[in-house]
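This report refers to the structure that appears directly beneath it.
Every chain is named by a letter (A, B, C and D) in the order it is written, and numbering of its residues begins at 1.
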Amino acid sequence: MQDVKEFRPTIVAFCCNWCSYAGADLAGSSRLVYPADVKIIRVPCSCRVNPLFILRAFQRGADGVIMAGCHPGDCHYTSGNYFARRRMTLLFSMLDYLGIERERTRVEWISAAEGAKFAKTMNEFVATVTALGENKRLEDLRCKK
Amino acid sequence: MNTETLIPYAGIVTEITQQTPDVKTFRVEAPGGGKLFEHKPGQCAMLSVPGISEAMISITSSPTNTEYMEFSVKKCGCLTEWLHSMEVGQMITVRGPYGRHFPVYDELLGKDLLIIAGGIGLAPVRSVINYVRDNRDKFGSVDIVYGSRSKDDLVYYKEIVEEWMTTPGFNVHLTIDNPQEGWDGHVGFVPNFVKELNPDLKKTVLMCGPPIMIKFTLGGLMELGFKKEQVYTTMELRMKCGIGKCGRCNIGNKYVCKDGPVFRFDELDELPNEY
Amino acid sequence: MQEMMKNRAYALLENGTVDRVLGWTRGEFAYDMTPAVFRNADEVKNGFVYNDFCAANLSKYLVKECRAGGKILVFLKPCDTYSFNQLLAEHRIKRDMIYVVGIECFGKADVEKIKEMGIEGITGITAKDGIYTVSTIYGDKAIKPADVMAERCLACKSKKHVVYDELIGNEGEVVEDCNRFDMVAKLEAMTPDERYEFWRGELSRCIRCNACRNICPACTCEQCIFDNPNSGVSQKAAVNSFEENMFHIIRAFHVAGRCTDCGECSRVCPQNIPLHLLNRKFIKDVNTFYGDYQAGEDPTAKPPLGKYEKNDIEPGEAGGAKE
Amino acid sequence: MKKLSLAKLNDFFAAIAAKQALYLPVNNKVGKADFTKWTAGTEMSKALNTVRSAKDFFFPQTENLMDFKMEGKNIEVIDSREECEDFVVFGVRACDAASFAILDSVYLVDPVDSYYKNRREHGTVVTMACGKPAETCFCGTFGIDAANPAGDVTVWEVADGYMLRANTEKGEALLAATADLLEAGDEKAVEAAQAKTREIMAKLPLAGLTFDGVGVGKTKELFDRPEWKTLSESCLGCGTCTFVCPTCQCYDVRDFDTGNGIKRFRCWDSCMYSDFTLMAHGNSRNSQVERFRQRFMHKLVYYPDRNNGTFGCVGCGRCLARCPISMNIVKVAKTLGGNK
């Protein structure tokens, strides 16, 4: 008998240092539950997220990638998240155009005070990606264990 | 399946010596002790840290050393920087030996040798020097002219002073580019120093160093009356395979990794000036 | 046309306005002209060729030529002038070192299409009275230029030169109904599975020769990220489907908002991958999300990825694709 | 000489594919031929040649060489080589068949490349004589006969089927394994097909082209020629010519960190690329002129020097058709050789 394991996705979350990472912290210290499948990568600003980061996350085995930053207008560096928003809009649209499931990518604006929103977003996202299953369309077989 | 030369051996770094501020010598042994493979003086090996890169490095220890191999590496690129950050006990991979060696088994037998080196260029000829020391009766006199930027940049300084200078028939001439406190030896560039020393024309010359040194020293030797057939050098270019297949280290129709790295200057004359 | 161009080249070389001319030189066959620099009237006289097979966009060569000094004459088709303007906007070329002669364009011929018609053993092609006479070792064939026009020319966006010092032939107009986004829209209307299949079928042919990148007038980085061993993503060959996708997504992204849609990438692809469909997707998205923008039209315009609006569309809302 | 009737072609393919993988030129979605694995219903392309050359079968664009397991200070070298399975490549043209000899002279000389050798030993090459060579063909320049290609088995297309001739033991074995589909063939039909091909070859624009001005011992004469600058002026430095070339054999060795080990792989490399000879302290071929010169000097002088005068080109014409700026070996050889 083959050992049938429940699929647990790997989620990479790029979180901006000033808002979303603090939001994640708050979620943790408030004992809000979100799945351990989420691996957080702290970035100085959502604007730091290069489209390559998103692709590389998929390459290294992510099944879903989410970018979280300060709410538009609240960027610590004034406008970083506005630029990031345009970039991600175009990149996600392109991934979709190439037939890569749209639901595997997401952008959410989460402030330092929104621990609950952080937990809720991650719960939702993990559920969505779990339903989609393993990332097959942007996978690098060499990186599979 | 037969053996494949692209597949390396893993070796353990058993000793690291800081030679100069940017040169370290790595002693490598097989996991069970002893050498990973036999080589001849002047041959090279591909050293690699998997995941970083692989590069051609000359084997600086003499084949007469039966316990280990040594590589002297100057810090200048991504692999060499990684090697410099390594600790004793770490493993690296080695494959080889590659290339043509210095003709110590035939043409150089019985000859008086003049060995000229600059900077890290002493590394490849060190294997010849120590081979000659261990086979003293097979060769004539040995003159070593070695120069570097400063006293601190002279590699194997301890070995030069304690072992080479005390070997009968060995004459070591050291020079540094600029005067320096605590240095009472010769000051000046290698090409001029060689001319000043006015070596005997019967000597066979082995030379290695930076391209500019080689160019001017060769010119000086020609002026003194040496023939190109008497002068050997060893070259280096970008290499990937080490076996004359990957196609990048050629100078004209010769592959440095396979047909070299040791060339006689009359052979180099046949090749285009692209090195 | 060729004679008029040659005469201008002579005149401008003679009177010292320019010291070099960037044009095309004859090939081995009737259709393989090579871009070339001519340094004197004799070279122009003996080597300069211009015909419907001179398809190369010469603007990228100006990056290199501007470093050589002197003043250079360049012949630009309407679509090439957009690339020229974009290079100017990015300070990759120097306007005062270049003398632009705009040339009227009626669309370029694609020799592949001639060969696809089953015409083999071509020994010569002549154009006269709106008909190409293709000589082959099996006899002559007459074909209509419209039947063998390059794909990009069929969807030509503009016959207007956006920059020139002088013009040979007539000035044209921007083509409003060029329908260049038709194929993009068609792909968008497909299901993700269909789109995935489509792009796998195309991109899996990629041999990573970098022709698309090296010909691209927008790809002028001194060192491409894919060539930089320190970038962590450098690759010489696409080892698997992921790397094929990554190269093309990132390349298209790096020229997003800067690509003028000159179509050179698709023209040079040895595997006939419709790479322009990636660039056009970005152009279409930019137009839809941030308002119409044509790179190269106005060298002083701010690029769409270098600015923002507070009420820009959210990534999650920017659907576009139907399930 | 054996004959395969047109009606039995599919049975013939099926019979081969039942025992080993069979690859043949098949039209892809843009109507160009690619070597593709045969499955029931696959239709052979009528194109003269494939976009990519047949070298892929023996020297693929990328291949894994070995793996490394890194644990703390330890490195374990894992030889991941496997014995290749037998395969047949059907429909290789004379030029590509000749290119295998050129690759052999690099990869099968000491030290032998075991990856290449493995594939070479397990591959059976079935060549097909050209029926209608194109204007870009110049295999005749190198003494290659498009009407009589090498390979383990040679096939000629005739009016009502195919004529087959085994040239090697491997070829004999292939024909023996499919003997019940074959009948005795007549040499005459082959001769007629050959005459037709040769007649076309003679009429093509590159017929009679010679590379006399280049070749063995011309390094000094050609290396510093001023024409290199003008010839290379428009070169983009892309790798199209290299990657479609059946004889280009340079490779790069790279490591990929998978996150759970290192894979060392090799991939095609191009001497036209700026980082081909880049070292930490400099580059021996700094400009495109030097890189361009290297590619053509290698094919036209260095390779012949090392291989008894054989040129490193087989005249397949792929670079003539595919170079984005239409610069190619014929233009270079003509310019340098002086027979413009």
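The definition used in the following text is that contacts are C-beta pairs under 8 Å (C-beta built on N, C-alpha and C of every residue); 3 or more make two chains touch, one makes a residue touch a chain.
Keep in mind it's a predicted model, so treat the numbers as computed, not measured.
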item: Chain B reached from chain A - shortest hop count over touching chains; value: 2
item: A-D or A-C, whichever has more C-beta pairs in contact; value: A-C
item: Centroid spacing, where centroids are CA-atom means, of chain B and chain C in whole angstrom; value: 51
item: Chain centre separation (chain A, chain D; CA means) in Å; value: 46
item: Where chain A and chain C are represented by their mean Cα positions, the distance between them in whole Å; value: 36
item: Rounded Å distance, chain C centre to chain D centre (Cα mean); value: 30
item: Residues of chain A whose C-beta touches two or more other chains; value: 142
item: Touching two or more other chains - residues of chain D; value: 252, 256, 269
item: Sites on chain B at which at least two other chains make contact; value: 53, 78
item: Of chain A, residues touching chain D in the complex; value: 60-61, 142-143, 145
item: Partner chain C, residues of chain A touching it in the complex; value: 51-52, 55-56, 58-59, 72-73, 79, 82-83, 85-102, 105-107, 137-142
item: Of chain D, residues touching chain A in the complex; value: 256, 258-260, 263
item: Touching residues on chain D, where the partner in the complex is chain B; value: 65-66, 68, 70, 73-77, 79, 81, 83, 106-107, 111-115, 118, 219-220, 223-224, 249-253, 255, 257, 262, 264, 266, 269, 271, 276-281, 284-285, 290, 294, 297-298, 301-303, 305-306
item: Chain C - residues contacting chain D, complex; value: 27-29, 32-37, 56, 61, 116, 120-123, 137, 201-202, 205, 207-211, 213-215, 227, 229, 236-239, 267-268, 270-272
